[in-house]
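Quick one: the structure is below, questions incoming.
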Amino acid sequence: MKRFHTSLTATVMSVLFALCLTAGQVFAADTIKLGVAGAHSGDLASYGLPTVNAAKFVVADINAAGGVLGKQVELIIEDDVCKPEVATSTATKLVTSGVDIVLGHICSGATKAAMGIYHGAGLVCISPSATAPDLTLSGDYPNFFRTIAHDKVQAELQVKFVIEKLGAKKIAILHDKGDYGKGAASLAKQFVEANPNAEVVLFEGVTSGSVSFGPIVQKVKRSRADAVIWGGYHSDASKIIRQMNKKKMKAFFVGADGLKDETFIKVAGKDAEGVYVSGPMDYSKNPLAIKAKEQHKKAYGDDPGAFYLEAYAATLAILNAVEKAGSTEYDAVVKALMTEYVETPLGKIRFDEKGDPIGVGFTMYQVRKGQFVELN
Amino acid sequence: MELEYFFELFLGGLVKGSIYALIALGYTMVYGVVELINFAHGEIYMLGAYTALIVASVLTVLGFPQLAIVVMAGLAAIIWASAYGYTVEKVAYKPLRKAPRLSPLISAIGMSIFLQNYVLLAQTDKFLPFPELIPEFEFWEPYSHIIGSPSLMILVSTVIIMMLLTYIIKYTTMGKAMRATAQDRTMAMLVGISVNKVISFTFVIGSSLAAVGGVLVASQMGQINFYIGFMAGIKAFTAAVLGGIGSIPGAVLGGLVLGMTESLATGYISSDYEDVFAFALLVLILIFRPAGLLGRNTTQKV
Amino acid sequence: MTTETILDVKKLTMDFGGLRALNHVDLTIQKGEIVALIGPNGAGKTTFFNCVTGIYTPTGGEIFLGGTGKKPIRLNGIKPNRIADLGMTRTFQNIRLFQNMTVLENVMIGRHIRTQAGIFSALTRLPSARKEEKKTIDDAYNLLEKVDLADWANEFAKNLPYGDQRRLEIARAMATDPVLLLLDEPAAGMNPQETQRLDALIRKIRDEEGITILLIEHDMKLVMNLSERIYVMDYGSGIATGTPMDIKNNPAVIKAYLGEEVIDA
Amino acid sequence: MDTGIPMFKLSEIKKSLVVALWFIFLTFPIMVIKVNTIENFIAWRWRNMFMIGICSFVISLVWRYFQENEASGQRILSLFTQIPLVKRLKGMSVSERPTQDGVIRESNPMIQRIFYTLLIVMALLFPFVNDYQTTILTTALMYVILGLGLNIAVGLAGLLHLGYVAFYAVGAYTYAILNMHYGVGFWVALPLGGLLATLFGIALGIPVLRLRGDYLAIVTLGFGEITRITLENWDALTQGPSGIAQIPKPGLFGMELTTQQGIMYVYYLAVALAILTVFCTYRLQNSRIGRALMAMREDEIASQAMGINIARTKLTAFALSASFAGMAGVLFAAKTGFINPQSFTFMESAIILSIVVLGGMGSILGVIIGALILILLPEYLREVGNYRMLLFGASMVIMMIFRPQGIISNVRKVYKIDQGGQK
Amino acid sequence: MLKLSHVNTFYGNIQALKGLSIEINEGEIITLIGANGAGKTTTLMSISGVVPPRSGEIIFDGVPIHAMSPEKIVKMGLCQVPEGRRIFPQLTILENLDMGAYLREDKDGVQQDLDYVMDLFPILKERRNQAGGTLSGGEQQMLAISRALMARPRLLLLDEPSLGLAPLIIRQIFDIIARINKENGTTIFLVEQNANLALKSAHRGYVMENGVVTLSDTAENLLANEEVKKAYLGI
């Protein structure tokens, strides 16, 4: 019998320890709780934090105007570091804290991991940035909505542009081996391969954060590609472009929405000139977008960062849906999201039955004189 | 064409390798003297680069001339990186000198996490553009398509620093004291060497090298954030082990071999598996030379 | 009873790079003997032990181990653990105990090759495994009693006084049921009292357990008292062999090793 | 020697003042100046400077106080182990009978039984507290398994392993892939995952047999990275970085479980598996094989001279250690329902290693406590938001400084010796 | 010259020295004998400042040194040749000797001393560019003593110089020790396991047991002392 004691000890310890630390559940006043989940620390924090800011501004405005359904909106912010295993804890924590709706998550992987938990709890989620196609297309995640078009739409547009408008015959596709980057690159590859007028001369992943991209740039040069399609975020991209320019290479560089970020232009500086990117349509003239950016600038002194407007729109859309639905009840909210148009920084939008936004599309830009200029 | 391609890959590998080597030198020195895998070394590299960025930005606003900015930013990077290295040793490693072998390693991992988040919180989570501190030299213009000035600077600096370090360690009194401390700490104390000073000195030197590396690489890459130290640190550590940890020429050779392998693997096979080749090579070399390329293969005394 | 050759070393040679540490060393030991190997520091005595016990692979010569009931086995290139299994164990010049294990556990490790229990029986603890474990404990304890360390059984090895650590090392080696025991400077660092106890212990091991003994030692008093035959090495080669009396009076040995007056005390 | 209040002696204050000035200097560029080269602005945050000054002054006073009064420092930090319950548990795990020094007391078996029954009831009832607590405790329990598994390699056998997460990945992917392609269920995948990880452990072990210490560390680190990169690139098998989603939860006789029930069920599975792991490692540790592992850790050459086959023993250590990670991986895949290579980075290995070292190498109870602290700490630190990783890193450093040997150290196994009939 | 009074030294919680008092006069050879674990090495480490005492006083030349760092103590002219030689194995013999003179600034003096020790042990001169680790045990002991002499100590602490050495070498080493004492007037504090040998070369001796001194007398008297004979001389 005694031999079991140690084993029991183990269990017992675990339980006790957790119990000690268990904070009593707080039953808050009557508010609508909006959970915000995403990467707020770690290497991808810069993609998650703007969403938090956006949510704060929108909620502050709405609360100032009397709230939703006469209740104040309360934010519950949780970090998932963009890791699936953390995301499940994050999601459970949000569910346990009694959130009514969720803004997030930021990364597709984390989103996939978390979605089941929200679904089990009957919660609707809206992400500003998770662009993996199967999140909506597979039908596995009925409670998922997003304010950004998925990668497939984008890849198709990109490839069409590169082949038809730029006339590229040989295309090199690079990616950062990440979830988002490789996903986007693989889609682009499919579309290029489907097109008889062009071929993929190189399809490779680079090591994100590497101290030098010289060798891969060399390889691109040798492949004599007319265009490089990049799947990934801007930090690696700008380093690659920089080295390409140093080698005086003439190939077009085409990126996706991971590059459609003011930061890209500012970080890459003159190297960014001439780069093509696909991205959500231009909202810079949208009054709400202008307002949203102003708010951020006023509060933090700088430009908002990635997916800020999408997050802003997502917050508006989901809170509007609650208002319209008259409650936070699952079916009603889903129905409201799909039927009611809402005015957002992205324009007037609603969602299709799969959860993708209608009215949000992609377009091509080129960097000219430090600005993203919308083409055609 | 083929030959030229190889040559270019070779050069690319050389540059990449020198970067690894530069950081690995600091790793290897610290290891050589205190036998500690200083996981926070990558973060010191990052702090050096950040300090340079901050100082350069401030000086730019104040309207200093370019050359002065470069010099002062570089100096500031070295000074503060050394200060951080010194402090990290005092806070996180010195109390653990007599602890079991793995404890300082965990402390180092903790320090690494701490420093990353310290910069994240105090500065920003975003990538920031890093000024081109090293301009394209005019005299080098004709060759710059082969190898750019910043890359050239990295190559040259690595060579100079390696020679300088070798000199310091081989011939100066401090260098000898470092070697003595590395071999037998108690005995070093008994001949009158201040072990604390020697160890601090080692950290200061190692950290300044990290700072030099940080500034050069950041200037070549054109951007930094709080996370750049992690990857650089791991690769440099690999390079140091590959070359024989504790050996100065070993660190350089290890860095070069690593960079070269990655470059050639990328060029001729696929960059998808770049790191796989790098680590596979490491395993292979260690199987045949368990103490690294230039490491002393000490037969254990029985 | 016929004498039986336990260890037969022929022309053993060991090179480290360009350095020849052992040069055609011959040595034989008969069953039941106590033989000493002496010589100046650096003469190659420990290297000899390391070659014989398989830690180094000799570059030349042959080593045969007999006394196992079968015909002599050639040991060249055999792993140390196999050699221990065949019946030759050793102690080390600079004590190599398992510091953070208890005294009893140290001796139990010695029983490792004479026991079978594997992972499966560790997890299931079938009666047979329990029996074996219990026997291991008892055997180890008995050995500890033999070397007067039973009171320390549950103490960490590192906490033992120096002399006791040396004796523990001997007990550990005996636990492997050796036919031949190699002792590398067993008296180093012992005071005369401790050395006397050691002398008695080594005798007891030979007389009661029938274990043949080869030892390296600098303490001439111990060597002369204890050993029946002595081999002397210098610069990697054997320079003399014979009874203690022969050695004491051998001019070559006196010149290389002993100095003018052999034993002071 | 000092009388009165040593903390506030003038020289002490002076020293702390120097420390404060040093930290002000040290943190000046990073803390005071905030640059943003994107927006080209520079902010001067002088307030931070004062904060740093004051904080480091106070901390340095306290720090020195602890260091100079090492005994009292130890006392305060070992408060945790002084809690009667912990003390008793510690005692129990240490030995099965009283030792000479009387540290461990045999208590009334009846009381013990009641005590354990209570604890089991609590463990069983725990999931009814709330789902979040249950989820994170499940995670913590998985790390208990991982920690104990790694403890076999690092704590018992002394093989510094920095790529342990690879085995975890192997387990997780075994379940995910087999399930995706062949619909293999959790209960079949669990032993398979363990087995495959074991094979991986042996495959890793063979090339590194000759390596020692830090060289072994870097090669195992490389092995971990190789595994992760392969998972990222081998699209056909692993779906690359986008990972494998919709991994089913473990089945319970074909019953449909709600999300909440699912969480509870996985929790109980984790408890069961953790108990199994504790049970196995405990028995292993006190067996012939376990002793051989320890002997190898203490001295390879001596253990070889005692007849231990080093090659086989090393492979055993790697294999055993890997098998637990494999099973934990299967559980992980089942719990998360989605896996991708991002979950198996070097940082993960580092955390698991930290669990082992922090808890106290070689000590089962220590590793359990280490896992709970290191996994639950960041979770509960969520309240402090952005500062949580900062505090996490700092606490790792601080814990090591004050308890370098780990929370529970130097477990000494005491053997019962049957002296009857010998004298 | 050196005076230890009521020194208490701990390793962690284990007390190794329990109120130890020893006195050494200039020019003497003093030996400290005792069983293993009696605290002999700890005594030397406490004097050298490597394991500073928790309480008690150590006065050297009238200056309290018990709270000083090891390097300051060396600088005062107090050097130790520790047990097991502790040669820096990868430094050459010359470099090892250099390290002995680490704190000295008088180049000429250092050169002079270098010549002196090479004269004392010609083998060192022969092998001066060889790594210390390649020397045999006896040669290492010679190097260790020479290295300590390079600091020009006024008090030399020797820990078990005979350990693991062949009889011939031991004799050589002890001759040199006597010579150093005579020629340079260097005071020598000798810790030895081999009590017979030690007492024969020393002027006075202390016997140590469990961290305290139990006997102290002239070397001759100790050699004749029945208890000492029984316990340490093996007669």
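Per-chain residue numbering starts at 1, and chain names A, B, C, D and E are given in the order in which the chains are listed.
Here, contacts are C-beta pairs under 8 Å (C-beta built on N, C-alpha and C of every residue); 3 or more make two chains touch, one makes a residue touch a chain.
Here the structure is a predicted model, which is why all the values come from computation and not from measurement.
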Innermost chain, where centres are averages of C-alpha coordinates: D
Of A-B and B-D, pair with higher C-beta contact tally: B-D
From chain B, the most remote chain by mean C-alpha position: C
Most remote chain, CA-based centroid, reference being chain E: A
Mean-CA-position distance for chain E and chain A (Å): 71
Interchain centroid distance [CA atoms averaged], chain D/chain E, Å: 46
CA centroid of chain B to CA centroid of chain E, Å: 42
Per-residue multi-chain contacts in chain B, two or more chains: 117, 120, 124, 126, 128-129, 272, 275, 302
Overlap residues in chain C, where contacts from two or more other chains coincide: 55, 92-93
Contacts with 2+ other chains: residues of chain D: 36-38, 229, 233, 283, 301, 386, 389
Chain B to chain E touching residues, read off their complex: 173, 176-177, 179-180, 183-184, 186-194, 296
Chain A to chain B touching residues, read off their complex: 41, 43, 45-46, 49, 177, 204-207, 209-212, 214-219, 221-222, 234-235, 238-239, 242, 246-248, 263, 266-269, 271, 305
Chain B - residues contacting chain D, complex: 31, 37, 47, 50-51, 53-55, 57-58, 61, 76, 80, 83-84, 87, 91-92, 95-96, 99-100, 102-107, 109-124, 126, 128-131, 234, 237-238, 241, 245, 272-273, 275-276, 278-280, 282-283, 286-287, 290-292, 300, 302
Contact set on chain D toward chain C in their complex: 99-100, 280, 283-284, 287-292, 294-295, 298-299, 301-310, 316, 320, 410, 412-419, 422
Chain E-facing residues of chain C, complex: 39-42, 93, 161-163, 185, 188-196, 218, 220-221, 256-259, 262, 264-265
